[in-house]
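Next up: some structures, all given as structure tokens.
Next come two complexes built around chain A: one with chain B, the other with chain C.
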Partner chain A sequence: MGPVELLHMSVFSQSFSPCGRFLAAGNNYGEIAVFSLSAALSPDASEGSQKPILNFTAHDGPVFTLLSTDTHLLSAGNGEIRAWSWAELIKKVSPINSRNTSTQVLTSLEIPEINAMIINPKDNSLVVGGGDNNIHIMDMETGIFKSVLKGHTDYIHCLCFKEREGEILSGGEDGAVRIWDSRTNRPVHCIEVFRYEVKQIRMRMPQFGKWISCLATDSDWMLCGGGPSLSLWHLRSMSPTSVFPLPGCQREAVFHQDLIMSVGEGPYVSHCLHGGTVKAQIPCTPSSLNTLALNLKNTEHRVMTVGGSSHQIDVFTNFSYRAFSLSF
Partner chain B sequence: MPLCVRARMSIKFFQIVQLAYWRMGSITDDEVIRKRLLIDGDGAGDDRRINVLMKSFNKWCHSNFSPEEGFSQYQRMVTSLAQCEFSMGKTLLVYDMNLKEMENYEAIYADIEKSITSAHEKIAECKKEIQRAKRIRKNRQEYDALARVIKQHPDRHETLKQLEALDKELQQLSHIKENVEDKLELRKKQFHVLLTTIQELQQTLENDEKMESDDTQESPVENGD
Partner chain C sequence: MSSDAVKKRKPKVIRNEAGTPETKRGRAEGEQDVLVYNEEVELEGRDPQQDYMLYKDTCAALAKLMAEIQELKSGGAKVGSVEMEERRRQCSVHFITLKKLNRMAHMRLKKGRDQTHEAKQRVDVLHLQLQNLLYEVMHLQKEISKCLEFKSQHEEIELVSEEEFFQEAPAEISRPHVTRDDHHQLTLARLDWELEQRKRLAEQYKMSLARKEKIHKAIEQKREYLSSLQPGLQSIMQASLPVQECLSMPFEQMQKQAEVARHLPPPLYVLLVQAAAYGQACDKTLSASISGDVDEAKALSRPPEDSQDDESDSDAEEEQQNTKRRRATVGVQLDDKRKEMLRRHPLSLCVDLKCKDGSVLHLFFYYLLNLNILTVKTKVSTTTDLSGAVSAGELLNSESLLNCLYASDHGQETPNPTNRYQFDKVGITTFVDYVSDLGHPYVWVQKLGGLQFSSDGAQVCVLMGNALSASHMERTMKLLQGRLQARLALHKQFSSLEHSIIPVSGECQHLFPAKVVSGLTRWTMMSYQEFTVRFFQSGNTLSNRGIENQCLKVWFLPVCCVRRICSSWRLWREEQSEVNVFRAELQGPRPGLQLLTNQIQRLCVCLDVYLEMESQVCDGSEGPKEFPREKMCLRTARGPSRLKPFKYNHPQGFFSHR
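Let's look at the complex of A and B:
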């Protein structure tokens, strides 16, 4: 991996292992690197422990999304979903993918890229959204695609799942957030985010467009951002409650305790409060960030990792400052 | 004898044995060794005093001294003994002091342990407090956000009042409508009555006319007879 390739590397996705001690990250060259968090966080960590314990090529194209189930790591890029066993990855064995499935395509000319994958734990199915404007639901055990949710008019960027009501939220390039009921597979709501304004602050930022690239829910509340500014919505009343005055488009946002953390354009992680104020902006090494992940499964290695347009992944042990960086 | 004195004596014995072995190895340094042994043979400090005392006691017992010399020798020995006792007393006191220091340190150590555990507990408490405070803050923020949205909508009392006013208006209007309808009915009925009476009158008039014309027709027939 020469210096030029390292310079042009972007990290698109991250996922923690089910035990919480390992981090897998996917980049734009199609490689997945597995890092050992316990080695990197131990008191006698060295330069070598910030390098991956395993680095293998998973796809031909970039790895847009990674997802961890209890036993497997699922990766998706240009059309194919591959499953890798975590047990093999932890043993530093270059794995052979145990299952290789692709979404059903209408025309065999193009296999659409897959931008987002989530798991519906209620009926153990994988929900996949990508370039063909549809959401495909696949049963995890049999690998058969059960249903298709059609409704978006442009490709889908992000997916999210509401546990309590069993609803799937999807945001896409067409600027609409659609809410689907997972049991009946019917659309419940459609919100065109760019049309709204809160307190005379328009959410739409015309120079960026209307695409929605990040979604997060916390039972009754929803965060969405992308082209329009990051905004907090109350889902029961379908009304926006606050707009966050962040410069640049936000690519990923999460709810954590009483804060909202979001990353996007700009070399910082923004901490915001529900009221609409930006509490802090923590600087980090990549010049713009694509992905943020919180390791809440394991209390010893409770860290936040962010990755973006750099070959380095920043690790935050205390969420207020950057501790160190892992590098590909 | 206290432990330190015994230790020092054993060290001295070891040194002497070492020197003896060395002496066996090189003969040229005989003088040096002999001189060293002569000077240092008794040991240092307390050891030396005890050795000297023993030697002088032996000498005093076995040799013939004049009474003054013997007495002075005796005095010297007694002072030496007194010095030895003094130094022994000193070491005993130091030993006691060390023991007490140890106890003191143990007590301080136990105190520090206790304060460490209490600090740990306090930290755990504070962490729980922080979690609670974060939850409260989150709830307050959500409440504020929702309140802002709700404020944008008009006040409930006002809309209720408007609704009441509208209701009243509606009732009034329906009342008026009823009245008008009743009047209409009444007028209809009256007109109906009027028209029927007119028609009946017309009928009776026609009947009357008919009867009259019948009458005149009949009477000429009767007259012709």
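Let's look at the complex of A and C:
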């Protein structure tokens, strides 16, 4: 990994281990690095503890999404999903993937990428959305693809799952957020976000486009953003309640207690309130961010990590400031 | 009063006190019947004791008379009565007696004094005589001792011992019958013998001297004869040169070089031997030669004892002179010490590397005596004139031509760790200041000269000297040639880029689509400081179709081949990585000198793609819709960062994502 390659590295995905003591991150060269949070957060941490304990090439294309189950780490690359055992990863053994599945390919010239994966805990299935404009649902135990949800006209950026109703939300390049019922596999709603406006503030930011790249739900509420500004929606009435005046396109947003935290273009993490105000913008190292992850499983290592267009992943122990950076 | 009366009474009596007759009053000498009263004669007859008694009596009588007079006066007698007159007369007689006695006393005294005086005088004379005699005695004694101490010169002459003398000397000199008894004669004889011998030896010496002169002359003659042969030999050598060239066996040249090479310092010698060997064996384009002052080199290697003595004397003199004339300041002394420390060996090595197109890289190697390192200076001579490109001025600059030939070998600091201590003594802080003067001390130069310093990297190299040099020679030469070729190619490319032409060679055309709309408008130079300060301002610019608000500014950092792109509205990471990270594809045919131009071309292609795709995605408010979609691609965006399709596939001619 020469200095030029390091300069042009982007971190696209992160995932915490089931015990909460390790972080796995995937970059655009197809590598996955496993970091030890307990070593990095311990009082006698050094430069070496901010380096990965394990770094291996998982795919030949970029790793756009990572997902952790109770035992395994799932990574998705160019049209294929691989599963790695967390136990092996923790032991710093370069693992052999235990399972390898691939989606059906639409054209033979280009293999579609997989941009988002979520788990439907109700029927233990993996929902995958990617470059072929469709959502695929795979059964985790058997590894067979159960169904395909078609409806988007352009590739899918992000997926989200509403626990209570059992609904899947998907946002895509075509600017539409579609809500699907996971049991019947049928579309329930389709919102074209870019057409709406809140209190005379148009959500649409025309110079960026209409694509939706982040989705998050918190029972009744939904966050969506991307080309249009980040906006908070009330799902039952299917109407937007507030628009957040953030300058760049947002790539990922999460609900956390009373705050909404989102990352996107711009070297900061934005803390926003439900009312539509931006409370704080915390600066960080990468010049634009792709992914934000909160480690809520482990109370000792309750951190927030963000990664983006840099080889460094910023760690926030107190969400108000950057503590240190892990680097690839 | 009574004395006056007494004096008047005897005026005519001539007194004769001195014993000699005097004629004071002018009396004629005829009057022989004058009474001569010689009191002195009378004096001798009188007894002093009697005189004394007389005196006492007289005094008593006088006293008695006085008393009687007194009585009479007090008795009321008249002055001038007969008794008083009688008594007065008696008193006067007594007075006369007293006066005579006084005279007597005086005369006695005088006589006594005279006698004493005379006796003294006699004693003095005798004393004087005694002194004279004593002085003479002393003088004579001194003379005697002087005579006794006299050493005659003859004692300094080393004489042969007596036995030898008697044995060797002929009889008429030694004369034993005389000399055995008489020491003086013996010594004389010995001296004679000595003289004889010396005369003989002097004769011999003269003869030997004459012989030596003759032999000297003979030697001189022979020498002249030999030196007269020398020009003859030279002319023969000259005449044989064409023969040597014809047979391509440059013996003479090699001999000359070998002769000079004997005076090279060891590292340069190793370098010369290895370079010459390599040139002969592997690479005919390499040639090595020695230049510099051979005499100075010989002077350096002269044996140290002679020069030390001379130096110490001349130093002492010089110092005295210096302190008399002027005091050298501390700074000047330090300067001199520095110059001495940084002194170069008078001989230097010149290695020429020729390239295929005729340009030559000249490398001049120098050896710094006190620091024990080698340095190198470079010069490039090309067949064509290279003055066209302004921005390429720095490319063939000899200061930076050989920078980083091996990784992190900048040649700014000396690789020898002992130099640090030497520099501290003379106050040199860094070697960088002297590099432009003395040349660059690259690490590979030291290795080629067989010098190994312990700070060279982690691995412990066991090779030394020749082996070390040989192990690095081939690789270094290849790197040097590669560097020169690369720089020359770059120079050419720069000069064509300045004219806004991107020279893409024929072999690389397949990397790019046929139609590339974006082009180069301006190519200028910028210093690194300007770059860091004015990051978002002018630099090498690229624009497409000449529309002002679509200008991109691109920076080319010469060392690590990274292109940074900044546009007026956002940072283009993906385009950068397309150009930089995947540059391996753009290397072109070996030796991969097309990298820069291909990267620029690819940048233009990326710009085309970006503008076309972007205008499709947004609703026309970003750029004018006059970028119609001309490129073929399957998808315009991919992945969460919405990458554009930058990869060009040949020969199908469509764009895809990586």
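Annotations
The rule we apply is simple: the second predicted complex is superposed on the first by the 323 of 328 C-alpha atoms of A that agree within 3 Å, B and C clash if a C-alpha of one lies under 4 Å from a C-alpha of the other, contacts with A are read in each partner's own complex, and residues count from 1 in each chain.
Operating definition for what follows: a contact is a pair of C-beta atoms (placed from the backbone, for glycine too) under 8 Å apart; a residue touches a chain by one contact, two chains touch by 3 or more.
The structure displayed is predicted, hence computed values, not measured ones.
Superimposing the complexes on chain A yields a three-chain arrangement in which chain B and chain C fit side by side. Once the two structures are overlaid on chain A, chain A sits at the apex of an angle of 90° toward chain B and chain C, using CA centres and rounding to a multiple of 10.
When the shared chain is aligned, chain B comes close enough to touch A:L273, but chain C does not.
In the superposition on chain A, contact is made by A:S309 with chain C only, not with chain B. By the touch criterion stated above, A:S237 is placed in contact with chain B alone, chain C being left untouched. Of the two partner chains placed by the overlay, neither chain B nor chain C lies in contact with A:F35. In the superposed three-chain model, the partner touching more residues of chain A is C, compared with the other of chain B and chain C.
In the superposed pair of complexes, A:N290 makes contact with chain C only, with no contact to chain B. Smallest inter-chain Cα distance, chain B versus chain C, after superposition on the shared chain: 29 Å.
For chain B in complex with chain A, the touching residues are 131, 134-135, 137-138, 141-142, 144-146, 148-149.
By the touch criterion stated above, chain A contacts chain C in their complex at residues 3-5, 7-8, 10, 12, 61-62, 64, 107, 109-110, 113, 115, 131, 155, 157-158, 173, 206-209, 211, 213, 251, 287, 290, 309. Partner chain B is touched in their complex by these residues of chain A: 199, 221, 232, 234, 237, 239-242, 257-258, 273-276. Those residues of chain C lying in contact with chain A across their complex are 560-562, 571, 573, 576-577, 580-581, 583, 617-619, 621-622, 634-635, 637-642, 656-658.
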